[in-house]
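Order of writing sets the chain letters: A, B and C. Residues in each chain are counted from 1.
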């Protein structure tokens, strides 16, 4: 393979693999012998030495891995530690309210109520420490049960779960009647 | 920060993070304004164009992500795990294209255009992380609104929604002309 | 012997219509409704689908086509601007819009195939960086949200869920055959006719109890009129209808 192209291929492989790749495997892909392959990696590696490059190739016992240069560490920490702005979207809030009032509850039950998948919202709420896993339901598939956390109680100024306002069956009946009236109206027209 | 060093830092960050990083976050780390940051990314990106490079930077709605070049695919699949392929049926693709061009859009509106129910397709698209809920429409029943995700941009190689292949009235005119030509043909026979 | 034809699968009624328009090489702006309706009905007759949902969607379009066919026969309707309205125009607009999105879906598919060749990589952050979580500022996150607002949200979700349930159909449990059969009503009405000779439609209906009975009786009268067993006469609109044996 053409040298420049071989460099590109090795760069692409080391990038996408992330982990270390043996020299012989790289040689197979670029269809060169190991010696030539090592020379090509050396050339590629030398180019990475330039000051405008943030990555490098390290050799580990005949295998190669792409990594960031040591002096980049402080910047990586900086970006990882930058505070992220969290916002509770409507979806996340709805999911939270369902979990608060119906806990312990499974994903499936939440999805039934909302009519759409809730994976993203549930994960977000766990990340924010507003809900947590409570255990598993003793049912086929043993689905996870979710409930609110202490952080939730703290943030919403609730002393305990008993403090949550109840949605009683009377209210449910009201909703049902309203719905029926609306249907009746439509039929009468 | 010195330009060359800034390039190195951005390269290191994009390499390490793997996922997309917003331009503003990169700007914070290199302590430059967003405009300058974008220029630096552009320069870096241009250097990746060279034939001995196997990686590239893609833009996704103001965020940046490092990936391999398309022409590297044949070599990469020899060694790396092929990415998850989406097998999108015609139904799902049609639904996706309607959502892409008419977002935010409700299920009902999609069904109106397609003339068939879209529940299955919408759920599938959410599962594939190609669309997401954007909120609810302020209308009776407060129906959910859907729009495309960053994964959609990535999967379809689109920088931003403005970058979608154009949907214009010219296309309509073409359809009209085609129809007319066909008629003419029939008359001529 | 009839050769079994492998029917193409269509993405819905609009897809099927576009196929027919294409196959017949006709102008989408000037659809010969009679031809298309016939072919459309033929197609769905041959459709072998057990899925009632899919079938019903195709049937709705069939009804729409028949409706357009009827309206084409009637004098042209005139809109507010005094222009003649083509009964087909709404369907044409729908077809065009659908065609555009169908076309775009192919364009998108090409892009998907290109982009599938790009490979990404997982994050390779040093452990201590990866595990770092910036503390969440809950005051900022929760803002003016409080328990009663959360409760409001929950109530509105529950209400929406209730709205979705059709209180009438949800009580059906399962669908059963109607207790009023066409055959039974037919013989009843025939007896009634032979006994009365000439009678008022209203009087006949008054003897029926329940909505279903009224509907079936009405259908029986229509059927008898069609086959020429009875004559009906109505002197003025909303007047009683007089039925006589033919």
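Operating definition for what follows: a residue touches a chain if its C-beta (ideal position, glycine included) is under 8 Å from a C-beta of that chain, and two chains touch if they have at least 3 such contacts.
Just so you know, these numbers come straight off a predicted model, no measurement behind them.
**Student:** In terms of CA centroid distance, which chain is the most far removed from chain A?
**Tutor:** C
**Student:** Which one of the chains is closest to the middle, using the mean of its C-alpha atoms?
**Tutor:** Of all chains shown, the one whose C-alpha centre lies nearest the global C-alpha mean is B.
**Student:** Name the chain pair with more contacting C-beta pairs, choosing from B-C and A-C.
**Tutor:** Between B-C and A-C, the larger count of C-beta pairs in contact belongs to B-C.
**Student:** Between chain A and chain B, what is the separation of their C-alpha centroids in Å?
**Tutor:** 19
**Student:** For chain B versus chain C, what separation do you get between their C-alpha means, in angstrom?
**Tutor:** The answer is 34 Å.
**Student:** For chain A versus chain C, what separation do you get between their C-alpha means, in angstrom?
**Tutor:** 40
**Student:** Provide the list of chain C residues touching at least two other chains, using ranges where the numbers run on.
**Tutor:** 119-122, 124-125, 163
**Student:** If I count partner chains per residue in chain A, which residues reach a count of at least 2?
**Tutor:** Touching at least two other chains: 12, 15-18, 76, 82, 115.
**Student:** Please name which positions on chain A make contact with chain C in the complex.
**Tutor:** Going through chain A, the ones touching chain C are 12, 15-18, 67, 73, 76-77, 80-84, 86-88, 93-94, 96-98, 100-101, 113-115, 128-129, 151, 154-158, 163-165, 167, 171-172, 175-176, 178-180, 182-183.
**Student:** State the interface residues of chain B toward chain A in the complex, per the touch definition above.
**Tutor:** 3-5, 7-13, 15-18, 21, 25-26, 28-30, 44, 51-55, 66, 68-69, 72, 75-76, 78-80, 123, 126-127, 132-133, 135-136, 144
**Student:** Could you pull out which chain C residues touch chain A in their complex?
**Tutor:** 119-122, 124-126, 129-130, 132, 134, 136-138, 140-142, 145-148, 150-151, 153-155, 157-159, 161-168
**Student:** Taking the complex as given, what residues does chain C use to touch chain B?
**Tutor:** By the definition above, chain C touches chain B via 11-14, 25-29, 53-54, 57, 61, 94, 96-109, 111-112, 114-125, 156, 160, 163.
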